[in-house]
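In what follows, chain A forms one complex with chain B and a second complex with chain C.
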Partner chain A sequence: MSVRVALQSPTGSRSFLERGLLLLVILIFLEGTVLTLGAASSPDISARDNAGGLHDHQGIEGSYDRTNYTYTKKAFPVLSLDYHHIQVPFEISLWVLLASLMKLGFHLIPRLSSIVPESCLLIVVGLLVGGLIKLAGEEVPPVLDSKLFFLCLLPPIILDAGYFLPIRPFMENIGTILMFAVVGTLWNAFFVGGLLYAVCQIEGTNLSHVELLPCLLFGSIISAVDPVAVLAVFEEIHINELLHILVFGESLLNDAVTVVLYHLFEEYSGAGEVTPMDVVLGVICFLIVSLGGIAVGAIYGILAAFTSRFTSHTRVIEPLFVFVYSYMAYLSAEMFHLSGIMALIACGAVMRPYVEANVSHKSHTTIKYFLKMWSSVSETLIFIFLGVATVAGPHAWNWTFVSVTVILCLVSRVIGVVGLTFIINKFRIVKLTTKDQFIVAYGGLRGAIAFSLGYLLDKDHFPMRTMFLTAIITEIFFTVFVQGMTIKPLVDLLAVKKKQEAKRSINEEIHTQFLDHLLTGIEDICGHYGHHHWKDKLNRFNKKYIKKCLIAGERYKEPQLIAFYHKMEFKQAIELVESGGGVKLPSAMPSQVSMQNIQPKKLPPPVAERALPQFTKGREEEIRKILRSNLQKTRQRLRSYNRHTLVADPFEDGWNDFILKKQRMIELEKKMTEMSNYLTVPAAPPDSPTMCRARLASGSDFKAEKGGAKVIPDPNAFYNIKASSDGIPTIQVDLASPKSPDSVNMLDEFSKWGATGQGLGQREGADRDEDQGLMMKPSSAGKGEKGEEEGGNKNPGLMRCLSDPGPSNEDEEDEPFLP
Partner chain B sequence: MIIATPRVSLEQIGNLNKRFRQLNKNQETLSRQDLASIPALDNNPLRAQIINAFFDKRNLHQNETGTVKVIGFEEFLMVMSHFRPAAMHITEEEREKLRREKLRFLFNMHDTDSDGTITLEEYRRAVDELLSKAGTIGQETAKAIADAAMLEVASTTRGKMEPDEFYEGITFENFLQILKTFDIETRMHVRFLNMDTATMRCGK
Partner chain C sequence: MLLFCLSVEMGSTNSTLSKIPNVEELMQETGFTPAHIVRLYDRFEALDKEKTGHLRPQDFGAINRLAMNPIGDRIIGAFFSPGQETVDFHSFVRILAHFRPADKNRPKDPSMPEPVNNRTSKLKFAFQLYDQDKDGKISRAELLQVLRSMLEMQVTEEQLESIADRTIQEADLDKDDAISFEEFRKSLEKVNIDHKMSIRFLR
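Moving on to the complex of A and B:
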């Protein structure tokens, strides 16, 4: 309740701030006590102790059996508490709830989230929770169990990153990224490991029991830049795309190196030495691990794409394929000790273009939201667990070791970046400046992966494990807190180029394509098989063979420019509707240019065309304005790798309002298409993928309207029941509640135009999409189909799309809405 | 005429010269036919325009309009120099000049009748060419896309216009304006033409 109140008064007044803080504290205590309760009953939630719990249970069973012989009758238990029964899922849910509430809380306190990055706050919360548990006298559960981490917490984050990876900048900088990831990590590992060993050998430190190989192992664990931490921090600083992709790409691709080094040193620290043969094997192993991981991912990606080709009749489970295939790719790679992260990235990146062309719009949204949700929760949980694990210990603090580690990591990172950039800049066109280098070096954060890898170490083989863990945690804290908090002011101070608000205009898109072809042509003329030549070849191969297999229907033919254009139109249509259509003008750029201004003067159109009696001059102006703003406003392209700012999905907000306005706009636009002076968009061929997605579950809706339906005023004033020709009430939460005076007129005019409205542009189809979210059809699907067919002959081309009825055909909640 | 063209390394001149001779079969000059016979260009939708660009006087001498029938190696180099990348440490002024030069090349490619503006017709034709490999889908939407793009340019550059006013076409300044955020100096380059900038006396 208090949360809602707080949400309603977002004005950051003092009382609100206090309320927020109070809420936080209460929550922490609440969670703490319940967790204590949970912890009191059974130590932790890892699989090991599940077995232990079971054991207990059996013990109880046994004793019960014994007492069975001397059965004494007790009162029938009316109400009993059985915590063991639900313990594990309960605790898991509690943790997830805690994480989500924390996230909520942070964003309610405006000032805090701008100073301190979220990751820091979450670690602090974890520390608090851990502290509370310890205070309560219970053993802190080892929550950051490696198995849990690697199998449950990490994959969603990586999948999210991989699926929304911006391919173009990634591929353009792939050389640089690989250099940093492979060579940089190797350098870091050996530098830190080697120097640490040297330091350990110094007399005064009583660390001489630490051998070389464990040191190198430690070096390799600590040297890898962590994708989770990088994501968490970089998201908030909005740095330019190049730097973001460099650091982030590095953090993803260094997994292969880390895996190989880790296994190599772990294996051989028992033996005590590494022969050159082992090194060679290690290199081969690295190639296998990385390429194998990518191959596994690509295979699963193609499978997923192929599967999605056939899902047009079962739209509801489409997102599931994406998730399950990706997870299986990860698990398969882990099974062979290949790089699971690279597999996941490859899978997501490979399947995305094809899946997006195949799935319905809703599934697309679902995938997007689910990925963001899981990765968000995962990330939050990871940081909280880091805090808890810190409290849990066990710790072995050694001043020398820890401080040397921290210093060495920093030093090696800086040297590594500077040295590598020097080499890389010889090959790059867009050189990396000193500022860029600084950000790349400073952005090398360590995170939970390092901790989990350390945790995995065997106690017997590595007696100094606790010391390692302490050092790792200290390093993580240092990077996340110190570097994480200061990177934002430093970015501002150094005036590093920020992410530009990419308003992708149609002109830019045209010229991007234009340049691509131009440069390919120039390369061909020079006879130089460069970058563009191969890219062009790949695209053509893709188009010719692969798309045919993996994309359903005829959609694969659509070139990118057209897809972009359709998408832009669609978004503008939605945006226009959101902003109120003809009723109130969108505030940005009310420019007054229309097609008349562009097209060369021609003879005034014949009188018959102009004589549209319904239009006054004012209305004409209005219509013109709508069209203009419709074409000119471009929506900010979704930078999907920012976790917190998904562009607001128009489908969720204020359905009633904008459906109303949208309907109005549709009417106006329909009239526009009749006037040849104005910009008409030719009806897209029905199989254009974006438009098809838009038509989604068009269903009999569309048809019923086209048939010039008489509107039966609905006694339930809110809902309008359109009488379809077969009399089945198709309920739409839609326009024309009798309250609005205009709407009835519109519909009249509409029915007049309905018969002649052959030139209906795709825009209408695009807007249709909004309806579908609200349409509840009674489950008599059979009759519904008939209704489709009847109306279908008007525009036969659309029928192919309508075979995709979408989720509305399933039995959704129709009962409550039937009158 | 002094043109501030980059100093091309000897090796690169050598390579380009070799290629030049390969294309024109060891004669003195290069004709359209020579370029048109490159098989790899067949798949390129912009084939005709690219070839035209080499023979367009505006790219060669910067003062005249029209086309030439054949070009020599020097002209070949001149056209190629439009695709040099930006050096690492150049001043803002130089960067701006580079941008203008490259955008001018693009502009000339669109402005086929050399009148200094890109009219709606020309733009439509350009988008049409771009989508020419796309089949019938391309033809229908090409017009719409070009119109929408033109509308955008008009509104960005002219703002408010009366219904009677006519927007003649995209001038070079407008072109610069709408592609302001388009980092052409880094994008429009062919990788091996990695040259250092210096002023060089070049041309007639």
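Moving on to the complex of A and C:
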């Protein structure tokens, strides 16, 4: 039925669309059937096992058809089916595969994913799969088992969120976030629980068996805003940073409140009453749960940072430390019934600056990729499982209860947000407007955490568990479908400020730091211990003691401004190479700057260049040609934004940025031909594919011009802050195709640039450039006047770039990758 | 009892206020409330150890934390008008008024001068801290000085020069190799100055 409906969609490019839909449906069907098979075979196997246990198993490949013990010789089984052997991992893999294929499928159909958020589609898929399984007559496996959810599915998402948490806006708004998280959740819980109890007591509904405490418990389960759902929906609406961090931060921090309330009410539901003493204990418990969770996370974070200090010789396992320590932080917190989510967030946030300073580029990329990958798969699986669990039931539908729940949740959320904002605005410098309040209220989505908490309830203590579960599921569906689908048009309608796609310029960076110092000074003059005072103190403490312990080598002395500057220069250099070969850069370019510290630190997301330079007509034509050829290839890739595309790092800019940079580079090239200080090398033809796609073969090198024409100080030379290097080994840069339709691929290539750690410099021949891209080998001879600055052989930063050959050394550097 | 405390409080406020000459005019100009003025006056008196009614650079220098600040001396210098050796309370308050959070709801009165704590004034104040020779532009040398003091000897001269070059190149729209106030303002258009340059208690 659904197949037929799907096939009749009257959109353009019908064959492609139809193929996509057909693929989707077939996949769902296949998965359903195999899972049915799996479900079907398990009872049989268990029966056979019981029988087989009485006999000796003479080897795994024996057939199970032994009815008599006397062994009669059969033909040697050449091929046999043993599903039981691999059943569990096989099913897990099938589910993961289903989730991933669904994700693929949705992005093949662009219109669909722009109307309906992904989370809704995934729930629908889950419903379909569950329905298929049920139709086949088998029992739907209880996939959203609480243990599985809390121990396997949730941690990756939270770790991803915590590791990449934008610390500055989070800390600036921490007061507001805490108010919403703690007070808001408490308000919601009691409001919903209390009023629900009142409604239950009304005659007419047959709900009077529901006591107060179970109601309050239900209220506390349902009132928590869910981070998974919020992330999934908010990622697609590109809302401005403030609102995003408010809702998201709230969803993370309310975990502590939920944990405490849940345990409190669960414990005392049996007893039937809660004394004031219990309330006091509850408050103390809350403090312990939240602060304890953060402390556990911070300890593990510091341990991880400390460990990463010593990993310079075993780079390949660096990412593992990040993951394992974080997971252990989560498990340790869960062991003591502390807030695991807060532990994970604290662990990720604490370890990140130090780990990033210590690990190699490849490890950094790996960490990022793995986190994004796992969190993406987890999120998909959670939504699918929600759908399946809905079909699985058991359900106890009660119109009154469910509808009152849904209405009350909405009402309490709105009242809570409005009331709290009124109080909060008295203390904020930048007030929250009505629009902001609306988005915060509307963005309070419920999700799988609520369901899992409900699922955990004991059937004996809570006979109304099924009714609760039904209500929870309905509420989740309502928020995810209705609110999730409508929030995007509402955001557009209300003209809420969107995320600013602006890259931080060096001006901003310098001036912001200047202003920070200024404000700290003014606060000191006023004798006021304000925001800046404490921040300054923390920074000093950090610099003086902590960085020394946790960061390897000499890097801890590097000021943030320098790192930022390096990164910008480096990025520009890469793009210059990409855009057209050996174009000379003006003296402001990375020539004189030490490039040793190219670690990506946390930076705000990048953006397109603001100022576009003016061109001559000829240049314009050239640029248009380039743009045309490039843009065609990027059209496929730029379709849908997703947080799981790693565009949050300056090394991994979007394609738009690249093109604009390219324009700028060409303009700079023009500028440079006017300055005749140095050699200019004719640029490679703009769309030479070999230029862009050739991998570097080892061997060719280019030396800096030695004396001869007046040169800018050797760009190849490495300048250390303290020590510098001599005879730096050859660095090779991979110029793999930036035009591949696979954004991930491109990003990966960009990060390989990072591994080389070198700015641009002079080159000798254009032809060499075309084939081999950029290959830099600083020559000891050509250092010119800067030679004396370079000393020892050990350039620690460069060593860090180079000492990580990755898992296999060979295939990256030697084979030219030509189309 | 409470009323008594309140009245004592009000009384002391009033008495302090009466000590300050032209306090009405000051409040009008800067927008501070009486409570703020009193607080600032107390601070002024605490800094003014010799009770001369004026502050000298040494009085500012006595604040330890300010000495640690990379641009501490610039900030101190900003309080003193050119040619003046001392700062009286009025100038003190006027400078600090720049850091009040902006009043969003004030009606725009064209006859009144621009309030001293709006975005432009705040930026102008910051700009003047860069522009020591008061020629209306941040030259390369001035920028280099600022960078040098902020980066505290951790970088080489070449690095500083590169950064300065890059900064000017990015911000300089009329290509005069210096950053004018308009260019300065434009480069900071994405930064929330109201938030960044406001001190909460000066509300």
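By definition in this document, the second predicted complex is superposed on the first by the 544 of 819 C-alpha atoms of A that agree within 3 Å, B and C clash if a C-alpha of one lies under 4 Å from a C-alpha of the other, contacts with A are read in each partner's own complex, and residues count from 1 in each chain.
Everything below uses one rule, namely that a residue touches a chain if its C-beta (ideal position, glycine included) is under 8 Å from a C-beta of that chain, and two chains touch if they have at least 3 such contacts.
On a predicted model such as this, the values are computed, not experimentally measured, just so you know.
In the superposed model, A:T72 makes contact with neither chain B nor chain C. Residue contacts after overlaying the shared chain place A:N425 against chain B, while chain C stays out of touching range. In the superposition on chain A, A:S80 makes contact with neither chain B nor chain C.
By the touch criterion defined above, A:F514 reaches both chain B and chain C. Chain A uses residues 429-431, 500, 505-508, 510-515, 517-528, 530-531, 533, 557-559, 561-562, 565, 589, 591-594 to touch chain B in one structure and chain C in the other. Chain A makes touch with chain C in their complex at residues 172, 427, 429-431, 500, 502, 505-508, 510-515, 517-528, 530-531, 533, 557-559, 561-562, 565, 568-569, 586-594, 611, 713, 719, 721. Chain A meets chain B in the complex at residues 425, 429-431, 500, 505-508, 510-515, 517-528, 530-533, 536, 540, 557-559, 561-562, 565, 589, 591-601, 624, 628, 631-632, 679-682, 684-685, 688. Put simply, chain C touches chain A in their complex at residues 40, 43, 46-47, 60, 63, 65-66, 69-72, 75, 96, 99, 101, 104, 126, 129-130, 146-147, 150-152, 154-156, 158-159, 161-163, 165-167, 169-171, 173, 184, 187-188, 190-192, 194-202. By the touch rule above, chain B contacts chain A in their complex via residues 16, 19, 22-23, 35, 38, 40-41, 43-47, 50, 80, 83, 85, 88, 106, 109, 119-121, 126-127, 130-131, 133-138, 140-141, 143-145, 147-155, 158-167, 178-179, 181-182, 184, 186-192, 194.
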